[in-house]
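Take a look at the structures below.
Heads up, the next two complexes both have subunit A, just with different partners, subunit B and then subunit C.
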Partner chain A sequence: MDYGIDIKEQEAVVRLRGRLTFNDHAKLRALIREMLQNKAKRQILDLSALEFVDSAGIGMLLIAREEMANADKLLVLRAATGQVKRVLTVAQLNKIVTIED
Partner chain B sequence: MTAAMTGAGTAAGEPGTGDQRPAITDCHILVVDDTDFNRTLIGALLNEAGFHNVAYAKDGFEALAHIEARTPDLLILDIMMPGMDGFEVCRRLRADHAYADLPVLVQTALSSSDDRNKAFAAGTTDLISKPLDRTELLARVRIHLENRVLIRDLQTYRARVEGELAMARSMYDHLLPSAALRASLKESAGVELRSHTILSSDMGGDIWGVLPLSEGRFGVFLLDMAGRGVSAALNAFRMHTLIHELAPTLGDRPAAFLAELNDRAVGLLELGQHATFIYGVVDGAAERFTYAAAAATNPLLIPPGGAPLQFGDATGLPVGIEASHRYEERTLPFPAGSVLALYSNAVLDALDALDAAGNGCEGNGLGCVVAKAVGGAGGDAFAAVTGALTAALGDTPGDDHTLVWIERGRTA
Partner chain C sequence: MSFDGRAPILEAGPESSGAGGKVPVTGELLSTWLGYADLQRRTLDAIQHELTRTSGTVEDATLDLSARFRELAEKAIEQSQRVEQIVMVAGSVEIDGERVPMDQLVTTMQDMIADMIANIVTLSRHAMSMVYLLDDVQKDVSELEKSIADIDGINRQTNFLALNATIEASRAGEAGKTFAVVAQEVRHLSRSTSELAERMRSKVTAVVKGVRNGHEILRQIADTDMSPQMLAKERVDKTMESLVDQTNHFQHVLETAANVSSEMSATIGHMVTGMQFQDLTKQRLEAINDSLAIMVAGLDELENRTRVELPASMGAQVPQEWLDELLGRFKLSEMRQRFVRKLLLEGTALDEHGALDVDAGHDDSSGGDIELF
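And then the complex of A and B:
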């Protein structure tokens, strides 16, 4: 997995690309630090270019959600497709995370 | 810096062994030489450099006898000796598996490359030229002993880890339903319980089991911990304990069971750790499977007589994320003569990957494999499915795979 961040006035958009798995733990920790450092209230994870997420990847997204909440920020998962969208749906994550199309 | 340099002064200006280097001066060194003078000289050089655990042999026979009695960490071997020469000693050592990696330094005046090659072909680790040079001798002794000690540490560590993992796997096996439990379920509920489990080499987080209930009913669960490796396995063990604690009071009510399990798991698991889970009650008399699920794979009902497969809904928030979550109770029909299959996500992924390899069943590899297996003339559908799974996975799966196959007899 790799990512790019675009910081605007009100929101930061992080575009995730590739596969988010068990092996990306350190990378996602670094990403969470970056998201905490910028000033935007809304932290958008754009998942449109993310091809695959495993159970550990879901765990990392939930860590991100918690860390944002602790810093009074909002995490939004946006534009998931394919396998990623299926996993989010099966796990009913829309009940605890803001999910946008 | 200055203090360190002052403190590091060693005898006769030899390079110090340093704190980070392994302790090699305790290593046992065997010097084999037919000349008294050479043995004395080498011994003196080694002693002076701090090696105090040195033994001597006068020829090849004596050397082999000594090695058999006490394996040295390093052998310093002369080539030209009466009786059995150094080449032969080397060959015999290398032929014996126990000494395959014993470092052997051959001291030789042989200068032609043919002779040096002959020494290496016989299994020599390294050469020391004769006449002996003190600095060269000590440098080679040190480097080979350090390698020896480091490799031995790694081997010890590796053996310990493998032993612990083997023990953990055997503990895991004991958690799964025993043959006696399966036999008693066949008796009381008229079902044949079969399963296929492949553990990844470093352990993982799948676990399943059955909870016998009253009136010929029983509960069945399948849990898949997020992540992999030892941490996932430890959490699976904890969850297994929780499940059995809840069984006597909530085993009859899948949704309540799952809600309580989730509440307990939220307190137990760290952030980022969660599990997918399905728990259901098999009720043969009512011909029904009543279940609750947390982001599990869809339970599969395979009806008798080639009727279409039926997948149950298994969406739900994974276990361990948020307390006080309510789960839906759902049902699947479970008529006599049919099969109910539960499986971990890795099974689904593996069979879907098989599907992607091009056998023409869009986005439903599992359904495809099962339909083919059931359609096979009078064969064993379970064996056919596990066969396909093994073929798809190869020998070293990266994650646990569990398939639970519950077959209701026709006359139950």
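And then the complex of A and C:
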């Protein structure tokens, strides 16, 4: 998995690409740190280019949400497709995290 | 009264004498009339017999049909009861002696799976938190190892300084004697510190090893992807949905079948009621027969009176044409046989109307078979 961040005034959009699995845990932690450092309140994870997420990836997304909430920021998962969208739906993540199409 | 080969002129009785009361009648006419009267009486007898027979046949057949229809109605009712029983249990399954509706069962199972997935999600999150914690602990432990190494360095320097101090103290002679004692103590202290650092190193190494093992195990746990198990819910949901649809469909079909069975038993009930036409038919035929009996009695009396008036040498004349025409009407062989027997064999006419079958004398019990010729 790799990512690119586009920081605007109100929101930071992080575009995730490839596969988000356990092996990316260090990378995701670095990403969380970056997201905490920028000023935007809304931290958008654009998942449109993410092809796959495993259960560890779901765990990491939840940790990201928690970290954002602790820093008074809002994490939004946006535009998930395919397997990622299916897993998010089945896991009923919309009960915990804000999900946008 | 004389008879000379011509038709005799007969006179009416004295009671009918008077103006216009007496008419001349030829013996031939009376003879013909007698022949007709005989044939008519026999025909009426035969018709009465046929009517009674027909009424009996209809009655037997109707009773038989009614019995069969009643049986059919009972079976249709049993059938609809069985189907209704199936309908009652079709939409539910028995679990621990309790009937659970299918849709409720599906909802319960879906909730269970949803709970399971929620647990997987929670576990994944905790596992990842743990991984991050252990990442940090590993870093801290490395720091600790580095600090112990630093202590060793400081200790070596302290030891070196204490040694120098001891040398300088011995040079100073008596004046440095006390200082030499202090330097010696510092050296002891340094040795103790070194031993302590060594003990810490061995403990820290054990901790590092434990943490690394734990981290590795946790990696394996967290790296076990449970997303396929989570996605299995989709398949289970679809299966459940299909199961519910199928059950609903079966139930619908069975309900329709139960309705049709009920309608069938009702229709058959109506048919049994409809069979009561036979009673009415029987009564009408009996009334007709009674009328025919009166006609036969009348004919008989007239015949007797006419025969008295006719000279003994003159018999009844068989009305051949009429007889031919009458017998020509009967197309049913067994009925024709009964008429022939009644009209010809019991009467005076010759048997010119075909031989009777050998078994014609028996009342054939096979009954209903109809033969046309």
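We adopt the following convention: the second predicted complex is superposed on the first by the 101 of 101 C-alpha atoms of A that agree within 3 Å, B and C clash if a C-alpha of one lies under 4 Å from a C-alpha of the other, contacts with A are read in each partner's own complex, and residues count from 1 in each chain.
The criterion applied here is as follows: contacts are C-beta pairs under 8 Å (C-beta built on N, C-alpha and C of every residue); 3 or more make two chains touch, one makes a residue touch a chain.
Quick caveat, the model's predicted, so the values are computed rather than measured.
Engineer: So in the superposed three-chain picture, is A:59 touching just subunit B, just subunit C, both, or none of them (first/second/both/neither)?
Structural biologist: both
Engineer: Based on the superposed arrangement, let me know which partner A:34 touches: subunit B (first), subunit C (second), both, or neither?
Structural biologist: It touches nothing on subunit B or subunit C.
Engineer: Touch check for A:93: first (subunit B), second (subunit C), both, or neither?
Structural biologist: A:93 contacts both subunit B and subunit C.
Engineer: Is A:51 touching anything from subunit B or subunit C once the two structures are fitted on A? First, second, both or neither.
Structural biologist: neither
Engineer: One more residue to check, A:11. First (subunit B), second (subunit C), both or neither?
Structural biologist: neither
Engineer: Among the partners subunit B and subunit C, which is in contact with a greater number of residues of subunit A?
Structural biologist: Residues of subunit A touched, subunit B against subunit C: more for C.
Engineer: Would you mind listing the overlap between the subunit B footprint and the subunit C footprint on subunit A?
Structural biologist: Residues 22, 55-56, 58-60, 62-63, 90-93, which sit in both footprints.
Engineer: Taking the complex as given, what residues does subunit A use to touch subunit C?
Structural biologist: 21-23, 25-26, 29, 53-56, 58-60, 62-63, 83, 86-87, 90-93
Engineer: Of all residues in subunit B, which touch subunit A in the complex?
Structural biologist: Residues 224-228, 271-274, 276, 295, 314-318, 321-322, 325, 345.
Engineer: If you look only at subunit C, which of its residues touch subunit A in the complex?
Structural biologist: Counting only subunit C, the residues touching subunit A are 114, 117-118, 120-121, 123-129, 131-132, 135, 219, 222-227, 230-231, 233-234.
Engineer: Considering only the defined contacts, which subunit A positions touch subunit B in the complex?
Structural biologist: Spelled out, the residues of subunit A in touch with subunit B are 22, 55-56, 58-60, 62-63, 66, 89-93, 95-96.
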